[in-house]
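Got a structure for you, written out below as structure tokens; questions coming shortly.
Chain IDs A, B, C and D follow the sequence of writing; residue 1 opens each chain.
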Amino acid sequence: MTRPMRGIVHTLRDLARSRPAIRLWMGVLALIVLVALFGPLMAPQDAFAINPLAVLQGPSAAHPLGTDEFGRDLLSRLLIGIRPTMLVALGATAIAAAGGTTLGIFAAYGPNWLGTTIMRGVDVMLSFPPILLALLAVGFWKSGVSSLIIVIGILYIPHFARVAQAATLQVVRQEFIEAEHSMGAPYRRVVATGILPNILSPLVVQATLTLAAAILLESGLSFLGLGIVPPEPSWGQMIGTARGYLGQNPLYVLWPSACLALTVLAINIIGDALRDHLDPRLRQV
Amino acid sequence: MMNLLSLCATAALSALLGSAALAEGSLYFGLSGEPRTLDTKVNAGAPARTIRLAIHRGLLNYGTTGELSPELAESFEVSADALSYTFRLREAKFHDGTPVTAADVKATLDYLTAEASTATYKAELSVIDTIATPDERTVVITLKKPFVPFPHYLALPESAILPASWIAANAETPDAAPIGAGPFRFVTWERGREVVVEKFDGYYKPGKPAVDEIHYVFYGDENTRVNAIRSGDVDIIDYVPWKDAAALEQDPAITLDSVGGPFMMLQFNTKEGPFADPRVRQAVSYAIERSAIINTAFNGRGTPLWGIAVPEGTMGWSEAAANHFSHDPDKAKALLAEAGYPDGFEARLLSTAQYGFHQNTAIAVQAELAKIGIKLTLDLPDWAGRMAKNTAGDYDVLVAGTAGDITDPDWLSNFFYGGETLVRLNNSAWFNDAEINALLDEGRTTLDPAKRAEVYDRFVQRALETSPFVFLMWRDQSFAVRDTVEGFKNLPGFLTFQSGITVEDVVLK
Amino acid sequence: MSPLIALVPVVLRRLGTALLQLLAVATLVFAMLFLLPGDPVMILLGQDSNPTPEAVAALREKLGLDRPIAVQYLDWLGGVLRGDFGRSLANDYPVAQYIAQTLPRTLELAVAAILVAVVIGLPVGIAAALRRGTLADSLLTSATTLGISVPVYILGALLILIFAQGLNWLPASGYTDLSRNALEHFRKLVLPAVTLGLGLAASIARMTRASMLEILGRDFVRTLRAKGMGETQIIWQHVLRSAAIPIVTIVGLQLGNLLGGTVLVEALFNWPGLATMLVKAVGDRDYPMVQGAILTIAAAFILINLAVELIYSLLDPRIRRRRQ
Amino acid sequence: MLKIEGLSIAFRTAEGLRPAVTDMSFEIAPGEILGLVGESGSGKTLMSLAVMGLLPPNAVVTAGRVLDQGTDLLGLPPEALRRRRGAEISMIFQDPIASLDPLYRCGDQVIEAILLHEPIGRRAARARALELFERVRLPDPARAMRAYPHELSGGQCQRVMIAMAIVCRPRIIIADEPTTALDVTVQRQVLDLLRELNREVGAAILLITHDLGVIAQTADRVAVMYQGRMVEEARTADLFARPQQPYTRGLIGAMPQGRQAPGQGLTTVAAAAAGTTRAIALRTPPDPSAPPLLEIRDLDKSYRVPGGLVPGARTVRAVDGVSLSIWPRETLGLVGESGCGKTTLSRLIMRLSEPDSGQMLFAGRDITHLSPKAMVPLRREISMVFQNPYGSLNPRQTVEELVGAPLIIHGEGDAASRQARVARLVEHVGLPRAALSRYPHEFSGGQRQRIVIARALALNPRLVICDEAVSALDLSVQAQVLNLLADLQAEHDLAYLFISHDLSVVEHVSDRIAVMQKGRIVETGPAEAIFAAPRDPYTRALLSAVPRIPGQSARSEETAR
């Protein structure tokens, strides 16, 4: 796996070199990741300390971004709230990528009947609206980071499976796969060295899309009260709650919304650039 | 493309016209949810009651003052032994034009108490022994044993009188189009959207109702509900979210009608874990600063409760009992230590993510109890999930918010009467205290008000000792009413959920 | 042979597959529902009282919930095959009727949203593609990226704040029957449709741009230029027609996704559609309602996808031939 | 008529202008066909696009003029230039199917071209288009009018393109590799058509190609381009008879002409520049009395082709009763046009797909139904060189990994010995040692094919199947690879199954030749015999279609000198 990782790092470096504007967004994303890693250390105050005497205040010296309905410090909650969001997004994307890629490769490289079965199953899963499936699934599991990761991860498996299947079909048609077979290479080797590294770029692009979608889905579920269990904050949940306090403290909804939109924006922009970068047709024109 | 253009044109035109009322004489009532059913015998929640109180009337109901008011019964008499009740019916008509007769009353009560009945108040009404109908307008009900709160149970919306013919036709299909003797006639129930009722000209109160029709529109989301009244989509909303109360108060076109009535409390699993010990439950009561909940989950709109949720001025209330507890973390810690938990413990707190105030109460309680070392993890399923766990006793602590059903102190039975079965919504799981059960039984059957008051004083003392609940606060319960509406009234105390009856007085300006 | 007639066997075969898919969906939903904690009976029996265990048992028997799950499933499936979706556990109302009332509203919202999306997204995408690499392109592209990055509920809340409460131009929420008051009906449709449509417009614009660029790079465009055709005619007569194929696909897919994807917007605007009904039914553990609703959504999704494929093959003569 | 003066074109890059065409000058007279020949990347297509005013946005003309009857086309406003395109200058492209709009009927596309430039009614335009379709000899012109491009063959599409190009009687026609995507017999027809029309219409044709044979057969004069510059211009016959420049000489020498003489390789550009010839190793000739290495008996393979929307699939017999034998150290050439079943046959031999019936014996052993596992050891004996050196190398692996792959798969030796062997192999095929750690995209096509050959030789096979192994390479590179293959055959006693559609190449390398048509072998025999006296009519048609360059003897004289 070190080679694909190195490949990704190289690609990102090339990308940053060829498009200066992307560097800015990579910086934004790096900052967000940094906050996700060290947010709890950066939080100026206890994000869970309730202060009934200072609820829904605007920005002040004590609370640079103001307070929420429990009088908790919004800045601290914002800094902490990114972590479950990112954990869910990354975890779900990892599950979706692993599961979907495996299924997709089997569907395209395995026997015909298996491919048909897998792709029909994928169609079935796609015909469920994701948020409703999540609604049901989160309902019978305990809500929380781990179940969200699993549920959202499973939800996006079909998307990855489709991408992986299409990409694998293209790769399998190429002569170097034929060459491997003609040398007597076992399937294991063909998948590991022939297929996987060569379908990586569409998968990376799909991963950025899934990452963004998972963040939005997590926030949507949290918005419906099915996401992260309070008092643990997450951005989506903060937005959902803050929507009710638009009248009392308009900035309350602004901070998490802006942060969320910025994160998704950064991921989407980098994803777009990656796609352009990895797709030689688009690079030429 | 054309569609969008016409949309834009529509929007622009409407902007010019402003949002005028849709039809003269129509009242739009925004409800906090869609009733699952309009079946009269089941208490299906506040929205269902609100609609049913427009369609149905009982022998008695709670009137605008909060007192029992004679409705289909002009008057009633109680025999000296309190076993026989004689009701005198007034001249009233059902919506199908037939008169309300003694036979209808008998049929209704038989229907509610039938063996297979799923009526919510079947147990209470089953105290009825016989029903006699000496003439068309007279009903004599004999009880098996004295039951002082009996008229109160008859006054509940669930005891509304139905036509005998309707019962004969629809006993098995209670969701059939309802027919009652109330001020409004049922028109349609468009699922997912609204129930429409229209003025019933044959209503027995002269000059009422003054409104041609009422649309009960369902707004499950509280923010949407508030938006609806602020933008004039509806005229009244129930269950005003506490966080929006202040803003609605400031709105010149809207009046906020608030009463203190329902209360918030914690229920406990009294069989397993630390909370089986009354001292731990008392420690919880001492540990929670009530204002922390009121100010955060209810935006300051409530009154602290430091004893048992007995309303002031009713039996069982006393200054001392009402201030039995106080915010005293040291005492709470001492009690914990006494119970064998000097360093606190971990437990589960069940609430629901579906209703903001339930969830926020849980968050505040969690924060408060953390201060004495009780670490609670929140369990926040949806309402149905919470109900299932509640009735299965699958919790350590549970946030509950409710009100008594009737204004008679017997409402306490519903909460404190113990038993071995678990299908109990409002009781702390497995709580069963013989002394409390005996006192509740005594209270029901004691005729003399002075003696009865004494019984309830003793009950309150015992309840404080055993503390199966920790009462947190009286919460304000509000309706928001646009100024075009006159005559709607939020009934005081527990009756706030029956305020829907006052739509018969509503006049639109 | 007319292409439409030639498609009949394909459609029939696809419909057969669709039925199998629906069966899988139904089974999956049924299994998930019974794993969901919560008991419909407890909810049915009322709010503020303590039902007796006998009453609980009686109601359970009456609703048939005491039977083995497999029996309940087969029973339900048999009903569905006969076109009977069963009745709501809560109030005995026919599920099919519920769906008949709510589905058109969701469809209306979805179609209106798509219209908004196409009307905004298509010109933006074309404009961006034709100005590739210019400042206008990067501005438009950034705007579309922003469009898909903002959660729909933030957008919706913002629109309510501005247009309903601030300017008081449009109602914040609700639904009025077309027959009762057409003007009011459309006034109430505007905000939810725009809220949903803006996000979609962003993805349609991106798709249009990418598709246009792809086609512009094809060999035949060079031929058209060599023929002496002007750029405008090349774009409108040839490039757009080729680019339309993937765009039609994405619009169709979005319509399919929208049927279940309106949940948040329906909640936000109190739009009494299928999604609202479904969420409520889940809350009430009203099993027949949930199954009916999800089955309907899945069926609509599959049908729309099928329709998209057919349109696709009608648009593209190559696929008409190539597909099995 | 058309006069190019000092034309220079450059690409705009981040590092500044990178010249692609430098100081090109030539002219074409009406009725004349000027062949512009050059290898890939020589700038010939860019030049033609400049004439049409269709340069890609990142290319600019840095100097020069393009004069059409005295008007500098480069200076015309876009609208004026547009009006000339199609009417006065038209163009024919390489890939005819991709060059037509897939969504419009062929007839409509031609009608559209007429209506763009002439004020006549649609009905008249339709009549004219139909007439043209007849003139370019499309079979069933009425059907072709209604057909979508994908419903016609490549050759038919090219006729449509030609019809479209001549429809407004242009004075100049630019044909950019018009026959490269076509089979040789079709190529012949298209070229004949071009010539014929040229005579009728009297246009000046600029014929751009990499194929010297096509030039020789069609052009009146030839201009040779190399690295963006024009190296030589002459009348066609003169050029082939007396090439002046070393590059031209190398190019002509690199063309396979007739049988390979023992020990004598093809001339390469480098060799021509150095004035030397390239010798190849002498090999031990095959022994026809020995048992054959590979023997194929009555092999059948058919597969189902989906029949479009119409229900029911067609069955295509891709390999139909094929019998062949290959002896050790022998080269068997398998020749046939695209879709004749050559590749299916090679896949069957490699056991990459299963035959329906028949038998295959390798070194006397029946391998027809060996299990994949039992087949593994045999894969050391047979290896394969593929057509597309871009596609047959995994782009994510280094040369060391690529060439070492067979060793790893067959568990040959330890890491150190493998490394040493890979290094030797790489050197053996003429690549520098430094190549080991690089990735395929860092190499040119010819170098990549060397990597493929190194990989094929890694396990010392006895039989190498070369499936269109040199078809994708430029002429000069093709010569190098053919020379390399010959060297390796001598050194390792290899037998080759050499599959190609290019008759000159097959003739050059093969001892014996099998001609395949529609899944069947129509003729087999020694190479000389087949080329001297083809018996089968298909073989004859094939041979007559091959473009020959005049003065074949000139080449031999040149190299012999």
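FYI, contacts are C-beta pairs under 8 Å (C-beta built on N, C-alpha and C of every residue); 3 or more make two chains touch, one makes a residue touch a chain.
Treat the numbers as computed from the prediction; the structure is a model and nothing was measured.
*Asks:* Keeping to the contact definition above, tell me which chains border both chain A and chain C.
*Replies:* Touches both chain A and chain C: B, D.
*Asks:* Taking contact as defined at the start, I'd like the list of chains shared as neighbours by chain A and chain D.
*Replies:* Per touch definition, common to chain A and chain D: C.
*Asks:* If you average the Cα atoms per chain, which one ends up farthest from chain C?
*Replies:* Centroid comparison gives D as the farthest chain from chain C.
*Asks:* Could you work out how far the Cα centre of chain C sits from that of chain D, in whole Å?
*Replies:* Result: the chain centres lie 50 Å from each other.
*Asks:* Report the inter-centroid distance (CA atoms only) between chain B and chain C in whole Å.
*Replies:* 38
*Asks:* Provide the C-alpha centroid distance between chain A and chain B, rounded to the nearest whole angstrom.
*Replies:* The answer is 44 Å.
*Asks:* Find the geometric centre of each of chain B and chain D from their Cα atoms only, then give the gap between the two centres in Å, rounded to an integer.
*Replies:* 87
*Asks:* Note the residues in chain C that touch 2 or more other chains, in rising order.
*Replies:* Residues 36-37, 267, 282 of chain C each touch two or more of the other chains.
*Asks:* What are the residues of chain D that contact at least two other chains?
*Replies:* none
*Asks:* Show the residues in chain B shared as contacts by 2 or more other chains, in ascending order.
*Replies:* 354, 381-382, 385
*Asks:* Name the touching chain pairs, would you?
*Replies:* A-B, A-C, A-D, B-C, C-D
*Asks:* Residues of chain C touching chain B in their complex?
*Replies:* Counting only chain C, the residues touching chain B are 36-40, 42-53, 55-56, 58-59, 90-93, 97-98, 101-102, 112, 115-116, 119, 160, 164-165, 167-176, 180-181, 183-184, 186-187, 189-190, 193, 267-270, 272-273, 276-277, 280, 282-285.
*Asks:* In the complex of these two chains, what residues of chain B are touching chain C?
*Replies:* Per the touch definition, chain B meets chain C at residues 1, 3-4, 6-7, 10-11, 13-15, 18-19, 22, 34, 36-39, 42-45, 116-118, 120-123, 173, 175, 190-193, 217-221, 224-225, 227-228, 230-234, 354, 381-385, 387-389, 391, 402-403, 405, 414, 421, 423-427.
*Asks:* Can you name the residues of chain A that touch chain B in the complex?
*Replies:* My answer: residues 48-50, 52-53, 55, 69-71, 139, 142-143, 225-226, 229-231, 241, 243-245, 247-248.
*Asks:* Can you list the chain D residues touching chain A in their complex?
*Replies:* Its residues touching chain A are 347, 350, 352, 375-376, 379-380, 382-384, 386-388, 391-397, 401, 405-406, 409-410, 452, 455.
*Asks:* Under the stated contact criterion, what part of chain D meets chain C in this complex?
*Replies:* Counting only chain D, the residues touching chain C are 52, 54, 79, 82-87, 90-91, 93, 95, 98-104, 112-113, 116-117, 148, 150-151, 161, 164, 306, 308-311, 313.
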